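So that you can tell them apart, the chains are marked A, B, C, D and E in the order they are listed, and the count of residues begins at 1 in each.
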């Protein structure tokens, strides 16, 4: 007898069950007629583009039917609709090649995030206190249009500003068109890790304002100066695929990988050799290598071509960068440098890469130029196993304006599209204060973050799965890649694609744009794209050599003995992904930490300061301080401390608000002079233990649980 | 011999059944409250999930299984001791046997509850039992947990019978002395016992067989409990010594529990006339023996691990020896050896008070031992990346305290409804015919020598 | 011949990027438990990337090692389960039958790899995060043990599709989510009974070894050790 | 538990039962054999008119789920047929308002059973619908007539020599 | 006459009374002796010594062993699930179940046999006296004929220290 029959015998009928289940709200809710043809339980794969970083990986979304709670005509109910269930790399896409990184996988949660903005919002309380009220699209658009009308009417169209994340493609072009037609200045792109320095240097060296594609698969000797190319830098998926081939792609062939950086990054962990350098001296090592190569006559100075002539003293064999001198400046022994130089030139094709923290110094450009010249010297430019530049229809252009330009122009009306400068700029730069003084801010983002909380109006965008997407990556593949994809699923909420909103605004303006924008919808834009925005005039390829400049640091070494090395979190990247629970709970590969911030400290330093694992420490610069638990790591030198970027949002959904600490806020507002990008590795700090463990350090495993005498078992 | 020979004894021993003090009610009330708190804690855990306990990844077993092993260990007080003493016919066993057997039955019941409390889905615990169902799936007889189920069931059945059978004549005695509802209840419990020579003889030979049968079962139960650990390739679990080590430990803690219970009964039920210092002294000697045996096993276990120097085992070894579990470990050594050994070895200290102090120490020490077997090993499995730790949560502590309260409560109630000392066996003990040996002479000989 | 699913993990390729971890979460409806529970050691990752430091600064060296259920032939978790919730299928999968699990957590103790995870509470998804759930995979409730299944739902779907189309499975076409996501191609999945399959050939590699081989559990996952760099002989 | 969502439903999706009673009923698999449907659809009537199951349960041959028809499906025929009946007019009105029929399931397994049943392979293997759903020609509003306990599935699998490994259905 | 009995405090007297009854020609199985404790030193308590209890216990054990073997091996074959690479019918672990079932069989058989042979549970027979549990030893005969009763009465009374009673 089974349980069910047993109960029948005991005469408990199902009536009570039926009555009880009627009480569930799910059963009383209205069901709307599905708007699409779906075969239940059958998955369909739809292409899309991952929007989370600039790599532009093509993805495919697994769409299956499901019951979603929606509003139709203002009425709550449930409907069966196609829902994206999983994201995978698009096998047909030359960048992602069927693979996808952890962040890309988690992009799914952007659409289904419980704190996504579902309808337009208007600020009701004090600016920044987060009180908003729901308004209709009509009302919201009306308000935005009237604000623009007012400014245009007063002849102040130039006081309209647009701040977005660095994007390429038609969406960005449309924004440019819109602003130009309005008479407003060009849009401003802002991201913390925006690689402007690398692009600038590449333009100087090779005439391309672009990040390079690394042909790792065919490289036999790789020297990497701080670029986290397997984690967060440039096109990590494509680089990861190529890296796999570099390691075990051909039987019996395995490249050597040397990592030159002051702290072992996740990428550095895979290196065969870790060369510890002082922060900001990566270029010295590169030039030292070039010196040895030229001194030994392994390559002539002329082999480097223009990239070489840009470096002061190149033609003379860089006499000031003898191994002894490099040892003194960078801390790499002369013998090691000699050996590396010979290996580098002997076991080609060889490749040198620089990125990330190495360029986040005031001398970033000259560091990059040094590595470019080294690459050129060994013939690794546009050669198999070297760097190359992806041929694209619309090559990346130097931005016309920077955030600094935008702020200093004191705009009257600001449109923000997912950029979060309030989070990602040092507090000393006072960007937040400047934004607060802008009379009207409208935000298009899907979430209320540290910046959009200041907005007067929020016009929520579709998630990428709900809107047309495009991919025009600047690197990652050898050939040009360009794709557009229709929405993978219908919108869950009353959101509208930002390009459609701009087009709608342009139609509603009391003084029509001249010429009017020729499209009705974003879809039309993608089919008949605007002409590429004219690139800023290419910088005159000045042949005047650039002289080496030592990296300068904010804060004197006596008061602030440690270099603060912020780094992009493997999970949360620059913090724009801190709202995704999958990524919050992703153990950091180096420390296994989840849901928190931490400070990485060398064991020797920790002993000196009496800091144990999990103890709260305070990291103070001349511009402020943050507190976070300590993690003691053998992968960082005694003169540096490192902190991941990503946490420390004041406002950013239930998962990220008030969690952890943001090292960017305490940085000195030092910029790389040529590009105006933040030199985020150029701050010195002091360190103090301020208390015992407060429980905020959440480790999946590892650090707390490992004893030094048990490493590497297996 | 006269007819009054036996009656004062029966009067004494039956008295608690008929006279109850206010203190008793008060104590029952307090204990019942604690037990109810434990039940409420379990209800809370049932509703919210086992996660309210402190267990985690990778320490999946914690307080509940510690208590399980502890209580199963305590259960060896009774049946095993009383069966051995019955078989060897040790004279001094007579006042002790029932006290001991009751401990067994209640400790087993409480112990057997813990694996169920500890389940993630306790409402499915019946799947451990072999029964035909529509699913056609039976328990996995390779699982030590199923062995536990069978062993505990057999042991509980046996112990219950071992306890109940000799109670029948005493129920008859109470029946004949009572009236009204008591007479009806005890009449039913006495099953119509008359005391014919045939009944006596069957009872005696039945008990003889049961005593023979219960000893291997008791040994098997704690061996199988040890198998729960030693079958898994967890560092310092996967050891062949675990069977005898656990059995010895069980008897060790069982005797300690018995001494404590007897001392309490002696004091509270005024049984000074029946529970003599010699009983405590004899049990104390047994306890001494087990303490030495325990020390021997621990030394053997630790030495082989240390000598073997196997990587993952050494992690556990050092964690207990000088790592985060060292305070508990050394507390265990103190409680199980350093305190009881001198007390029990020195005749002057082997008094009632002395043995009780030693027994309390042993109970604490043995509880710690179970904890230290389970938790440090799970916290240090072979991959160092997965090392973890464990901290008990309020629910676990409340339930644990409640089971101790339940044990005391059940014991109190039992002693209120059943003569805690077997009256007829006491009478037999008082029969004049066997050559009378003085208690002093009997000390060691009486332990192992059969009556002629 | 029946399939025998296995995997090869090339430690020389693994970069520790954890794409596999999120892919597994997305594919298998693994709940996130939140900071408070994660701090209590209840985070669930069917696949994890273990990292081991060797040496001290500046010679410190790090190795990543993805660890998932090793799908042992002589799986220690199986015998100890009183209800057969854990057993071996004829395709060599170490099955975990959720409905049969009563939550003794014995299997998790017996597993020396600690790759079994337990639902201490009912999993929760703050709406509408539940729309991300894969309808092909069970939602495990409180009190149930779970672990890597080699994406059995994908295996079953691929077999069912092949049967419907009356063809054989193609090596490499069927992949668990982790292997599919891995950019560096460190995870290779396939049929060990097919001598031509990539996984079968790679598992014969001289670099190959099994994790905690000495326990004799006979895992079906082969780890290819990380290699050092040696100066090539000839130029 | 947090505030209810804007739909009046719980804001958190969880596998937990909401009440002890619900847990109790799930444990004993107590479900009504008959449920109140939004309209009294007669299977008998439609099958007599020589409709077949797959006309309305479209997914059954292709996927795991047979699917419950929406009003759109009804109105494929009923935009022409029997339009004068009140029930059809009601359905037509529903479609105009964009409101669908909230069918309630008759068969199915409790979540704790973790049964991942797929219709398509069974249809391909030639299992007749009535094997599991009874003879629908005899039923008006569908009711549960077949007791789908594990023995029911297992016996059929045994008879047809289909796999009886646990992972066949439970994963 | 329903019964005739005498109550003694001294087991020696009880032994004499039993002997006296025998002398009166009362059959061994008709002599009833009740006491509140067993008197193993006395002959009268040995009259029922012969018993099959040990053999029944052994038989129960065998039965349990067989049941244990059947339970383990047949259920393992019924749905052959492989675990840990062990054989479908795993002898070593099954031995434990077989052992426990053996002991359970022996214990249950003992208890059942004990209850049956000692006629428990039963109603109190007519021949019973509460004095038994107060320490008296009852020696008597249940349901003698009136003529026999008178003789037994005398025989019992002849033993010193007894109180002869009868139930009509």
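Please note the rule applied: a contact is a pair of C-beta atoms (placed from the backbone, for glycine too) under 8 Å apart; a residue touches a chain by one contact, two chains touch by 3 or more.
Since this is a predicted model, take the numbers as computed values, not measurements.
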- From subunit C, count the fewest steps through touching chains until subunit D is reached. 1
- Without subunit B present, chains still joined through touching come out as one piece
- Message: Between B-E and B-D, which chain pair shares more contacting C-beta pairs?
- Response: B-E
- Using each chain's Cα centroid, which is most distant from the centroid of subunit A? E
- Item | Per-chain CA centroid nearest to the all-protein CA mean | C
- subunit B-subunit D separation of Cα centroids, rounded to whole Å: 55
- Task: Can you check how far apart subunit C and subunit E are, centre to centre, with Cα atoms defining each centre and the answer in Å?
- Result: 63
- Round to the nearest whole Å and give the separation of the Cα centres of subunit A and subunit D. 46
- Message: Two or more other chains touching the same residue: where does that happen in subunit A?
- Response: 2, 41, 69, 114, 701-702, 706, 711, 713-714
- Task: Two or more other chains in contact with one residue: find those residues in subunit D.
- Result: 5, 9-11, 27, 64, 118, 149, 151, 166
- Where in subunit C do residues touch two or more other chains at once? 43, 48, 50-52, 76, 79, 81, 84, 87, 90, 100, 122, 126-127, 129-130, 142, 211-212
- Message: Looking at the complex, which residues from subunit C come into contact with subunit A?
- Response: 10, 12-19, 21-23, 25-27, 32-35, 38-39, 43, 45, 48-58, 60-65, 126-135, 177, 180-186, 211-212, 223-224, 227-229, 231-232, 235
- Message: For the complex, give me every residue of subunit E touching subunit C.
- Response: 81-86, 93
- How about subunit B: which of its residues touch subunit D in the complex? 47, 123, 134-136
- Report the residues of subunit D in contact with subunit B in the complex, numbered from low to high. 20, 27, 149-151, 154
- subunit B-facing residues of subunit C, complex: 37, 40-44, 48, 50-52, 67, 76, 79-84, 100-106, 108-110, 112-114, 117-122, 142-145, 211-212, 215, 217
